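Each structure below appears as structure tokens.
One chain, chain A, links the two complexes that follow: it is found with chain B in the first and with chain C in the second.
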Partner chain A sequence: MSTADAKPQTINLEDLPLPQLHKIKAQLEEEMDGLTTAFSHMKQAQATFRECTNCIDALTPDCQDKTILVPLTSSLYVPGKLSNIDSVVIDIGTGYYVEKPKADAVTYYNSKMDYVQANAKAIQDTVEQKQASYRGLLEIMQYKITQQQQATAEKASASK
Partner chain B sequence: MSEQQRKRLESETMALQKLQKEYSTLVASRQKLDSQLQENTLVSNEFKLLNDGARVYKMIGPVLVPQDKAEATANVDKRLEYITDELGRIEKRIAQQAKEQEEKSVEIFKLQMDIQGISKA
Partner chain C sequence: MNANPRGIPQAPFVDDVGEYMKTDTVEATIRKFTEAASKYKFMENSKLQQRGSLEQKIPEIEKTLATIDYLIGQRESEEPIKTLFEINDTLYAHAAIPPTESVNLWLGANVMLEYTLDEAQALLTGKLAIAKGNLKDTIEDLEFLRDQITTMEVNTARVYNWDVKQRRMEKSA
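So, the complex of A and B:
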């Protein structure tokens, strides 16, 4: 996703001092957090698109000329009549709307869902990668900490 | 540690903090532009799929106003162009800022070394 962390890094983690490892750990945590939020946004978007296709499916020919309530605000409704059940108007972003026949609208939402699905998959893969490196990092840190403790213990016993 | 050195370290640290702040605002605006670019690209792609007779509306305030498809396409393409330009400009500034930041941190590190060397002696 971000271009900043794409630079090639071949530094051996074991060579780094603990404070720096801590920094990397925090950075990794932050990245994983961000990616996880993005992932849940993707899932939400997908649910919205699915809801839209469901609504289109609900517009059967039986609905022709049926009375409906049109919301003017969230609490004020006026009665109306469904006169056109063949086409719908879709928000395609940045303030633009397009009128499409129902079948085309469903295709549109399906392609959107596929698009979001592909992105979500990519994010999931990245998160898994990050988690793997995170576990590796934790191991190295653990190792370093035990080593350091041993060193101080030896020092203490030597100075006795 | 001499008074002069301490003052200098302080001012350099402040300068670095200022740089970092500027950097994060730049990154934030890049992110915003990036998402705008994404959205506009999606809209532009959608326009390409439409046939010429398609009815396009633009939301102006709370109402949908019918618009010519060619006009809408041109509008979005122009926006895309502008956003890409803007992104390039910000990208350059981010690179420059990153360099400045690095130079500052090296400077501060050196200064700290100097101070420690003196306090040890």
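So, the complex of A and C:
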């Protein structure tokens, strides 16, 4: 399905009737919306990962045993001490948590950022492609509409 | 007109439309009824939102209360509690919590207060009871409002039908 959508120009748009063109236009708009939402999610994910690396860097050696307010729930904080600043626990998804030393955790987040960046770039390229097809489609639709209007005008003047 | 416990007026059901219509024109009555129906609907929307937010808050309060109960149970032991706490979305770090008598509760609006364990437990138990009571009331109100909206819509339909019948009779007369 994706290869057929990637090259709509191989179907000759000029041959299609106007209602079909409307349908394709709506389809393209839907796809572009979906892709733009996905793109913004990727950007968000990237920002989160960057923040996580900053947090890990904030766990410096002189933080060891410092007193902090530990959040136990979203509204409950208890005074406690940072016990182990050499390792952190990362939620890697699907209910799995992994304990890693600080350096490895930073590497993990950086590699996730790169992966998301690559995906975001791919989405961006696809969106640009779709936008080009959409612009071409609009032009053809405009041409057809003017053609149709001319035809009805001619018919009206011919029947008088 | 009666009102339910929270002061929502009850919608009157028009039994005999002819009797009722002696006092007012059809347009004015229908307009009054549609207005009342839309007021009820507006109230229903706000009650729905209230119910949504209460249903979110209650599990949080229950979680916090359970944590406090656990801390109270632990307060006899000398050992610090080892735990992981959330620094960021997917990132957790180790912490050790020594047995403590005081906890801090985030009350919202940038306000955090320190309480002893027992005070916190009492406060949260009270809050939970109030929230649950509010939820029960809100659900009751929602059901009541649904009934009133239906009554008003039925009234409007009956007045309209009566009007159509009147006009038909006048035309044939």
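As a working rule, the second predicted complex is superposed on the first by the 151 of 160 C-alpha atoms of A that agree within 3 Å, B and C clash if a C-alpha of one lies under 4 Å from a C-alpha of the other, contacts with A are read in each partner's own complex, and residues count from 1 in each chain.
The rule is short, and it goes like this: contacts are C-beta pairs under 8 Å (C-beta built on N, C-alpha and C of every residue); 3 or more make two chains touch, one makes a residue touch a chain.
Only a predicted model underlies this, so the values are computations on that prediction, with no experimental measurement involved.
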| item | value |
| --- | --- |
| Clash or fit (per the criteria above) of chain B with chain C on chain A | fit |
| Partner contacting more residues of chain A (chain B vs chain C) | C |
| Which superposed partner A:68 touches (first chain B, second chain C, both, neither) | second |
| First, second, both or neither for A:89, with chain B first and chain C second | both |
| Partner chain(s) touched by A:60 [first = chain B, second = chain C, both, neither] | neither |
| Chain B versus chain C as contact partner of A:98, first or second or both or neither | first |
| Overlay on shared chain A, then closest C-alpha pair between chain B and chain C (Å) | 9 |
| Residues of chain A at both interfaces, chain B in one complex, chain C in the other | 89, 91-92, 97 |
| Contacting residues of chain A [partner chain C, same complex] | 48, 51-52, 55-56, 59, 68-85, 87-92, 97, 105 |
| List of chain A residues in touch with chain B within their complex | 89, 91-100, 108 |
| Touching residues (chain side chain C, partner chain A) in the complex | 60, 63-64, 67-68, 71, 80, 82-98, 100, 102-108, 112, 120 |
| Residues of chain B that touch chain A when the two form their complex | 39-40, 42-43, 46, 50, 54-60, 64, 67, 72, 76, 79 |
